[in-house]
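Remarks on the structure that follows.
In this document, chain identifiers A, B, C and D correspond to the written order of the chains, with residue numbering beginning at 1 in each.
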Amino acid sequence: MAKSRFEYVRNYELPDPLIPGTFIVVRIDGRGFHKFSDAHQFRKPNDKRALDLMDLAAKTVMNEYKDVILAFGESDEYSFLLRRNTKLYNRRRSKITSSIVSLFTSAYVFHWSVYLPNTPLQYPPSFDSRAVIYPTEKEVRDYFAWRQADTHINNLYNTAFWALVQGGQTTTEANKTLQGTDSKDKNELLFSKYNINYNNLPAMYRKGSICVRQPLPMSTVDPLSPTPPVTQRLATTADIIADHDSSLDQPNAQLANDEQKPIKKPKKVKPYEGIDGELVIVYEDIIKDQFWNERPWLLL
Amino acid sequence: MAKSRFEYVRNYELPDPLIPGTFIVVRIDGRGFHKFSDAHQFRKPNDKRALDLMDLAAKTVMNEYKDVILAFGESDEYSFLLRRNTKLYNRRRSKITSSIVSLFTSAYVFHWSVYLPNTPLQYPPSFDSRAVIYPTEKEVRDYFAWRQADTHINNLYNTAFWALVQGGQTTTEANKTLQGTDSKDKNELLFSKYNINYNNLPAMYRKGSICVRQPLPMSTVDPLSPTPPVTQRLATTADIIADHDSSLDQPNAQLANDEQKPIKKPKKVKPYEGIDGELVIVYEDIIKDQFWNERPWLLL
Amino acid sequence: MAKSRFEYVRNYELPDPLIPGTFIVVRIDGRGFHKFSDAHQFRKPNDKRALDLMDLAAKTVMNEYKDVILAFGESDEYSFLLRRNTKLYNRRRSKITSSIVSLFTSAYVFHWSVYLPNTPLQYPPSFDSRAVIYPTEKEVRDYFAWRQADTHINNLYNTAFWALVQGGQTTTEANKTLQGTDSKDKNELLFSKYNINYNNLPAMYRKGSICVRQPLPMSTVDPLSPTPPVTQRLATTADIIADHDSSLDQPNAQLANDEQKPIKKPKKVKPYEGIDGELVIVYEDIIKDQFWNERPWLLL
Amino acid sequence: MAKSRFEYVRNYELPDPLIPGTFIVVRIDGRGFHKFSDAHQFRKPNDKRALDLMDLAAKTVMNEYKDVILAFGESDEYSFLLRRNTKLYNRRRSKITSSIVSLFTSAYVFHWSVYLPNTPLQYPPSFDSRAVIYPTEKEVRDYFAWRQADTHINNLYNTAFWALVQGGQTTTEANKTLQGTDSKDKNELLFSKYNINYNNLPAMYRKGSICVRQPLPMSTVDPLSPTPPVTQRLATTADIIADHDSSLDQPNAQLANDEQKPIKKPKKVKPYEGIDGELVIVYEDIIKDQFWNERPWLLL
């Protein structure tokens, strides 16, 4: 096609590759979500519907980008881990960060009515995103540990804060009451004054949401038959929602679940076998070893 | 608030400031829009509804970010110009590119039914984005000239292509027919065979959409009275749609319009007086001087 | 040639191009030059020999890199301006900054004995360097104005400081004496107490050194004869030193000179005519317009 | 000190930090060393004097920068490894790459006459440099393996090439003779035609130079006495040259040496115990495990 004499301006688009062989974490954050949650009357301190919507948007991202192998969400933020050797968009920084935040946002608006059918969306919400490079497994684990520790700290505070407010304090008074308190103090306050056992609250609130692929059970793979072709289809809304974990209704149901199911032995799991597994949301401890030992392909 | 021992991972988030005193252009592009437009039966070669939706999403961005002073769109892409000395997000590259593409996407999905009420959105669409730095006025003008020249080339080709297809050729045949033809050939083909005078087609298709603020007429500013406060409110959907230019129904209506209205004298326009003007979509020649002379604040 | 299986590590070398169409300034700074100047008994407040050596090293750089069109030095630093559209090393940041600082350093050590024949170099000195991008003429002029203003401020302070010390104060006392004084105070102190008229001190000390190419006189270009081939030879030490300006012996000699020679009319100067001119060191005002008007090719 | 109105230009100096917790390799390369080696009649295919000078310049760098823990050189290039967690210059890219190449260059010129006393330096040579980030131990080892494999390939070629030339072929003929040959062919050519057993050539030529700190012998550390203070003095030329390994005179002397000396047990070596050890140049295999096992602090 004919080129115009203005074409030279393309030379100003400079390359922005991320270093090869490193883990990429893309974190998206809600812009102005304090106001947004007020405008849409989100429940305090946690609104399960809004969190489920975030989880579904995250699933949409992971469903589209196979190299996103893990995601962790809390409140209005979500972090996506791309596998160490991903070649997605030739590791171009802007392309990766913008495509992920755009799809996440799109899914958030698109699926809104699934979880908040009676709350009309008043204006288009948005998120920002950034990519951070981590060189080794250690920093990746510490990154997710950081986010989960943050979830705990924020949620304990918010739970105590809203208990005080719902108990009659103004927000200013509640803030003052909590000033200088540590975790133990807040736990005690909740238990003694409001009869809330913090540890019995839903794991989703205390631990955040982890989105990960469930490795296919060993038994389903018949070594004599050829591997079934992976159908690269666009997941429909129904698909994505159908497999959305709803075990949250009983507090700690997930953790209880975990104890019952036989734990896969890490050593037998082959690299990336999890790649084609079903997407699930779990509310587990991501700080301890168990989570990672069960999913060794995450840190390859 | 207590800090965890994992906090150190924040140090991996490196600064990414864009060079001060330069023009920033953020261009967003639809991802997989060939497929998306098929899935939603967009009309060929141009679907005014889809273009109007793009324009509305662009307006949403400009309504939110006052430092975005100009936007140009065609097909599934849009370019946003930030003023040279913007301090938006301290000129952080990822923050700017991600926030703009996220809001654009969000508005696109949010406003979908305004223009395509009978076409249910089947899955969440997404866009990527990138920021490009231009040092002087010259490159900025050439950038937008490049995009408008591209609009012309693509639209002439597509118009001829779909005329041939609607005239009975297969897509392969149509491609072959057009191989090696220049602009003149295509114009002649359209006129002689399909009685289409290309220059009479809607300016929106031939020139793309320009979103810009309309400077307040001089007469509205009473030098003796205090400046009326600019109400920094969230524009409602109604607002944004209301002022959406619908002059497209008559081909070249916009251009005709331009000739009638008295052209503001560039020299009297004060810096940034356009900043608080109403957002309008126009379909003008952005390559020649007139557009820029009428809006001197764009290149300050 | 055979490739080893380790070759993949090359992929970690990422591109680092500087934005096209912008001015590049490379500034080099002496590392540990306080100690270095003590170790080699540099004279205070200025050592002409050391400054001449810096100038010669700068000339060596400009002699090698034709796209370095201007340099400004003071104390142990030097700034190099590359022309706006230079293609040097494809504008790769590391390649440009490292090559310039390396050649400068090399020339500094190589030519040491020219100016300090009786002061054996005790250990190898070094410099760091950085590249800064400036988008337009304005910032380039302001950059050099900044460095020259800095030269003035530092030199006035140092001149007063060493006058006090040579007059019997300890360095601590001298610092204290000067605390809170402005330019006028320091000028007066120098004049009243030490009979020094600051404005009569050598321009080199007060204004810093400017290295620039002298445009060829118009008369030397015979329009009827072919352009003589530019002999791309390595300048010998003798060449470079020979044309080193030694007009410093009389204060302000350079400025006086400037007034005598007929000023070239900017408009007749053709682009880059200065490129092949002889390198000279001048000690002029780089803040006012005249310097730039006489050398219009610098800001093309 | 008073600030000028030009000070704003400093804002154009943007941060350029390298990712924390990663290995930094700075590689310097001679600029125009083909010509430089001709101009100074370097011996072919290898000039031990020139290589010793390179090694000494590398030692000067490592002597100054304690966080440079390993260097590898061949021909006119040298690679420096900075320890993973170095905080040198806050990991600023330009500062690190420019300071190292400047000091290397300076030392090269400064020490020239030590190794080439009868060859006057004709003009100042220069080097460029770049920094490359490697995330884990694996890439670091592979990087140095890459350079050593390259040394072998180049040296075998050059040895064969110059044997042919010294045997009477023109350089064009020699190039042609070697076209399409593999290692075995070249080895055989050298042996059958020139009676050269390639493996008996000096290890320096075949393997390149490794500069590393010698860990203090265990026996010298008396656990009951306090650690002797590390005297942070500037090494004199004499110091640096004195400990320069001169075992090269007998081919393979170094390797022979290696076999005789008792190999330190990796496990007993404490982190960074090598940091204060004496700088030595060795000509060892850096591809196999032994080199790294003996110096476990390199990859911490």
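Rule of thumb we're sticking to: a contact is a pair of C-beta atoms (placed from the backbone, for glycine too) under 8 Å apart; a residue touches a chain by one contact, two chains touch by 3 or more.
The UniProt protein names, listed by chain, are A, B, C, D = tRNA(His) guanylyltransferase.
Note that the structure is a prediction, hence the values are computed from the model and not measured.
Trainee: Since chain B (tRNA(His) guanylyltransferase) and chain D (tRNA(His) guanylyltransferase) are copies that touch, is their contact same (over half of the numbers shared) or different (under half)?
Mentor: Comparing the two copies, chain B (tRNA(His) guanylyltransferase) and chain D (tRNA(His) guanylyltransferase) contact each other through largely the same residue numbers, since over half are shared.
Trainee: Using the average of all C-alpha atoms in each chain as its centre, how far is it in Å between chain B (tRNA(His) guanylyltransferase) and chain C (tRNA(His) guanylyltransferase)?
Mentor: Distance between chain centres: 46 Å.
Trainee: Give, as an integer number of Å, the spacing between the C-alpha centres of chain D (tRNA(His) guanylyltransferase) and chain B (tRNA(His) guanylyltransferase).
Mentor: About 55 Å, centre to centre.
Trainee: Just curious, how far off is chain D (tRNA(His) guanylyltransferase) from chain C (tRNA(His) guanylyltransferase) if you go by their C-alpha centres, in Å?
Mentor: 33
Trainee: So which stretches of chain A (tRNA(His) guanylyltransferase) touch two or more other chains?
Mentor: Each of 12, 19, 21, 133, 139 in chain A (tRNA(His) guanylyltransferase) touches at least two other chains.
Trainee: For the protein chains shown, what form does their contact graph take: line, ring, star, complete or other?
Mentor: complete
Trainee: Quick check on the complex: what are the chain D (tRNA(His) guanylyltransferase) residues that touch chain A (tRNA(His) guanylyltransferase)?
Mentor: Against chain A (tRNA(His) guanylyltransferase), chain D (tRNA(His) guanylyltransferase) makes touches at 19, 21-22, 133, 135-136, 139.
Trainee: Sort out for me which residues of chain D (tRNA(His) guanylyltransferase) touch chain B (tRNA(His) guanylyltransferase) in the complex.
Mentor: 11-12, 14-15, 17, 19-21
Trainee: Once bound in the complex, which stretches of chain B (tRNA(His) guanylyltransferase) touch chain A (tRNA(His) guanylyltransferase)?
Mentor: 1-2, 4, 6-10, 12-13, 28, 31, 60, 93-95, 97-99, 101-111, 121, 123-134, 139, 142-143, 145-146, 149-150, 153, 157, 182-183, 234, 236-237
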